[in-house]
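Just dropping this structure here.
The chains carry the letters A, B, C, D, E and F, assigned in the order they are written, with residues numbered from 1 in each.
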Amino acid sequence: MASHSPTLLSMANKMVLPLFFAFSVLASFSHALVQDFCVADLKSPDTPAGFPCKKVSLVTEKDFVYSGLGVAGNTSNLIKAAVTPAFTAQFPGVNGLGISLARLDLAVGGVIPFHTHPAASEVLLVVEGTICAGFVSSANTVYFKTLNKGDIMVFPQGLLHFQINSGKGGALGFVSFSSANPGLQILDFALFGNELPTDIVAKTTFLDPATIKKLKGVLGGSG
Amino acid sequence: MASHSPTLLSMANKMVLPLFFAFSVLASFSHALVQDFCVADLKSPDTPAGFPCKKVSLVTEKDFVYSGLGVAGNTSNLIKAAVTPAFTAQFPGVNGLGISLARLDLAVGGVIPFHTHPAASEVLLVVEGTICAGFVSSANTVYFKTLNKGDIMVFPQGLLHFQINSGKGGALGFVSFSSANPGLQILDFALFGNELPTDIVAKTTFLDPATIKKLKGVLGGSG
Amino acid sequence: MASHSPTLLSMANKMVLPLFFAFSVLASFSHALVQDFCVADLKSPDTPAGFPCKKVSLVTEKDFVYSGLGVAGNTSNLIKAAVTPAFTAQFPGVNGLGISLARLDLAVGGVIPFHTHPAASEVLLVVEGTICAGFVSSANTVYFKTLNKGDIMVFPQGLLHFQINSGKGGALGFVSFSSANPGLQILDFALFGNELPTDIVAKTTFLDPATIKKLKGVLGGSG
Amino acid sequence: MASHSPTLLSMANKMVLPLFFAFSVLASFSHALVQDFCVADLKSPDTPAGFPCKKVSLVTEKDFVYSGLGVAGNTSNLIKAAVTPAFTAQFPGVNGLGISLARLDLAVGGVIPFHTHPAASEVLLVVEGTICAGFVSSANTVYFKTLNKGDIMVFPQGLLHFQINSGKGGALGFVSFSSANPGLQILDFALFGNELPTDIVAKTTFLDPATIKKLKGVLGGSG
Amino acid sequence: MASHSPTLLSMANKMVLPLFFAFSVLASFSHALVQDFCVADLKSPDTPAGFPCKKVSLVTEKDFVYSGLGVAGNTSNLIKAAVTPAFTAQFPGVNGLGISLARLDLAVGGVIPFHTHPAASEVLLVVEGTICAGFVSSANTVYFKTLNKGDIMVFPQGLLHFQINSGKGGALGFVSFSSANPGLQILDFALFGNELPTDIVAKTTFLDPATIKKLKGVLGGSG
Amino acid sequence: MASHSPTLLSMANKMVLPLFFAFSVLASFSHALVQDFCVADLKSPDTPAGFPCKKVSLVTEKDFVYSGLGVAGNTSNLIKAAVTPAFTAQFPGVNGLGISLARLDLAVGGVIPFHTHPAASEVLLVVEGTICAGFVSSANTVYFKTLNKGDIMVFPQGLLHFQINSGKGGALGFVSFSSANPGLQILDFALFGNELPTDIVAKTTFLDPATIKKLKGVLGGSG
């Protein structure tokens, strides 16, 4: 069989340089414009498919690594929780790859209130503590469950969902998204954190104007 | 030139049948399993890409036409509005084609309350009357405008939006979606129309339990 | 339960500002580069996924509304019909969202001749009058039907289709597409409205050269 | 370094079986339901994403190979040409993979008349002879060129295009598609090879009824 | 304003049941065939887009939660490592949602050898210990870096990559994928763990037959 | 019937110019920004969906034709083979269209060694000679077969595959890809043709350091 399949090494002993150049020719077209990734050039305008790509010659291993999720978010606030994203804007290496992550810190009593991600499904991984999480379907059915360390839960794209620290200590979770730019619409902010007139909010939520005005005051809204 | 491009008709005078069969061979592979559409067989289980296809031999022009949007919805209700969908479930011809429609009837004072479509962008066309419509972005910015007859407005995928009859008479609109199965999550139903415990709703919306319980009673929720 | 779920409002009475800032931190990452839409910057070069996005800070509600479909097209022409598009080029708000609209005006006897949309499926909604519409499948089967006010019909992507005013008065329709840039290839223009040599047209359509040359003369073609 | 990276082989001398089982565990989840391909089970109903998959345990190398393109098509017909497809229906191994092929045989004077593929872009490779090929864009611009052996030409999705043997001998080409089910709509068949009434064809093509009726007779149409 | 926007609650005091039924009508179309998710029915044949959906009426919150990643994998093997997947086959709730997870356990000296995921990009999150991870691009450039607790690294779709425990203690990581069925091709198994003849492996890898035969013996291959 | 469907030609005799302008209006929106293709402007930065488009006014038929595959690759090298690509970088007309081609020349004894295309499925067409080709699945099953002239074989996305000239003369093949930018990762180059430290290669491939260092020397790697 050796005569039919002379190995590269046996051949190479005789003719190293010719092989090297031969292979270079074979593979040379990989070096030019072809790319397997598209690290975001955040200074250029976005497109519907993501940001234009940084030049490959400027890309280093640092573009594919992000350390921002290693730092606990500040939960010294009323919701006793923090979300730290690693989306394209923070982690340009995921641009165009259909994936991103975020860190959830929940102090005792902490809550990530009802929210949606318009452009992605999400999987929550509980790394510490106990989290009660759930979502509501288009059929208005609610699916919720208490998750322990190591449990994962999936939240289908675009549906309202929440996470509550239901344990006695702090909780830590990481969420993965099926998009590099999943979006985040926090319900209370969407309703009460902008200038949408109270009259319209009332008509479209069935809450009474007094409640709306109070929440607008708290959440920075006006009108 | 005639000698280079004898026309089909001149040739056909001499040899009609041979041509017919020749063409039949050329095109015969189109007749078997190839299909340009996939009318939903709603009795089969759904898949992530839509329902399995009805056999082509059973498909007629009726599968591609739907008359249900020609009938005004019943607006004799408290929101004085009705939504009539033509999604895959009602109109199997759109299965797999990335498009669907719905009709909006708004009586005087009618409102389509805040809702999202988890899987589609939407364009509203005002056919009669005046509609105030708007949506909220992930950045909590609200974009809303009063639309007159003939105006169209786009609501990007997954974002909270609403439509209000802001005129003196009835209003009629048609909405188009970028999916055959856009989904519909009406905010008040998602929050108050199911068995999600009041305690959890309170924690995740910042509304007080008394308000929640009242709305649950009205909207058919429990817990 | 109140002790477990103090409401936002009861808490807010004591500490409004801290809450406001806490929430701001939670949501701050939504304000930067993340976007749920991509209003086309038509002055920049197109990409395979659509035009680059206008800066979010410059986007207003006007970018999501278009009034051009409210005006009847001019049907004082031989086909007694007009198509008014609201594609990305006219309505930059739909860029990247996989949806667009157009208006069809058909005077008495008006016809939208055979055409295709290379990149989209279409749904026609009849708003006024009676329209006979149909399409031909890859298997050469024709599906056509007379549509009345309120009827909708779907035309699967890329297939030849037509619309004819088959009523006694004018007809008005709106068509929705599953792409922001559906394309439009009108058969007669494709065959006779350009410089494709008559000889080639004859060979590839089986029409005789005299007919082709006449139609070229009428439709602005040469060769 | 050797102490830090004992090679598999040095270790394997001591403990072959344990390694084997250890690796088996590591990779065991690959053996069950995961699949990298989906050979079509043509007896099951199609779906919008393609046919359901044949059981992996029944798949062999034969499912990924097709010999049907090795046989010349019969060009003894009036168009002196033949198209031999290798789409999902003929070659189930491409199901779901977004690619397929076809063979074009063109005898002297042979023509593939104007046609579209509703669901795919196409690249033509000329293997023998000389082919004049072209397409028409949505802007009615025609792009056509004479291709020699080894030349390739791309026809963007959904646009009308043609191929003509413009040489003195036979021509052979192979076309690749960006879909396993590209569809094929041959213009003359779509217009004249079915039961679409002559009156409608006339209105939507601007051809005169006499011409239409003649072509219908030739191409197997009625009405 | 109160007269223009009577709140739901004030109205509800008078007419609870009518409202309930009115809303039911509005939302009723959500209850039928529409679904926002597609929990895999693993007993049915797969399709190119994923498994057919379990009936919605049989879906519970348990379908969206998976506890299998909470258990450490068995690293008592030669590579001192284990991969525990939560793909569609293990976690049917992710079917069709474009996302999945896996757990990586690396004992001291543990290694996940070179492998690819044919259908997904991956993000690694280091939860414990220190991991040296890297990938090679189409241009043969290698990007690798030592990651500490909390660091994340992205591996673009289809590229060869590896993970090595480079710390003094055990390491734990979780990987997220941009597909519910990412696939996994472990290089050594692909080359040496099957019946591909030694002669062919030699020709296509440039390794010598003796080395190949030894590795085949170890990894369960033959030929 | 003639009175109901006056033909274009009969009408045109009376009023040529009005028709011409009328049609121009109908079709005018096709001429502006709408495009059916996106010829790559290779000087602009790439995006995740491909390169920005060359201005339509500068596009000619030459942009859709490529002659580079008509020239045999140089097989005077140790693998006795050559790959000549027609990807976006060489053939800008395929940008964004999901398809590309390449030419394979295999002299007697020639081999295209194990490689993957991270972003595309591939179909091989044998035009001359005999080629033994195969791929390995995620389940480590190998599928390989000897192909003769006219045979085609599909290699699903991202999987390791190879091609060997198994005949007595030269062999010629053409491969089609389901992407305009399929990528190419040649296994030996990925492992031995870069600066990845020998220690890491040994740990992640189970090859011994001496073999690795020799191959690195041959293939241009270091470390």
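In this section, contacts are C-beta pairs under 8 Å (C-beta built on N, C-alpha and C of every residue); 3 or more make two chains touch, one makes a residue touch a chain.
Here the structure is a predicted model, which means the values were calculated and not measured.
Rounded to the nearest 5 degrees, what is the angle of the rotation relating the C-alpha atoms of subunit D to those of subunit F?
Superposing subunit D on subunit F takes a rotation of 180 degrees, nearest 5.
If you list every residue number at the subunit D and subunit E contact, are more than half found on both copies (same) or fewer than half (different)?
Shared-number fraction below one half, so different.
Please report how many Å separate the Cα centroid of subunit B from that of subunit E, as a whole number.
A distance of 32 Å separates the two centres.
Roughly how many whole angstrom separate the Cα centroids of subunit A and subunit D?
Roughly 37 Å separates the two chain centres.
Just how far, in Å, is the C-alpha centre of subunit B from the one of subunit A?
28
Could you check subunit D for residues that touch two or more other chains and list them?
Subunit D, residues with two or more chain partners: 8-9, 27, 30, 34-36, 44, 47-49, 97, 118-119, 134, 137-138, 140, 144, 156-159, 183-186, 188-189, 193, 203, 206-207, 211, 215.
When you check every pair of chains, which ones turn out to touch?
A-B, A-C, A-E, A-F, B-C, B-D, B-E, C-D, C-F, D-E, D-F, E-F
Which stretch or stretches of subunit D touch subunit B in the complex?
Listed in rising order, the residues of subunit D that touch subunit B are 42, 44-49, 74, 76-79, 81-83, 85, 87-90, 118-119, 181, 183-186, 188-189, 193, 211, 214-215, 217-220.
Can you check the complex and tell me which residues of subunit A touch subunit E?
Residue list for subunit A touching subunit E: 1-2, 4-5, 7-10, 27, 30-31, 34-37, 56, 59-62, 64-67, 69-71, 86, 91, 93-94, 97-101, 120-123, 125, 127, 134-135, 137-140, 143-145, 147-159, 174, 176-178, 198-199, 202-203, 206-209.
Which residues of subunit C touch subunit D in their complex?
Those in contact with subunit D are residues 111-114, 116-119, 132, 134, 136-138, 140-142, 144, 156-160, 162, 164, 183-191, 193-196, 200, 203-207, 211, 215.
In their complex, what parts of subunit C are in touch with subunit A?
My answer: residues 8-9, 11-12, 15-16, 18-27, 29-30, 32-36, 38, 41, 44, 47-53, 55, 95-97.
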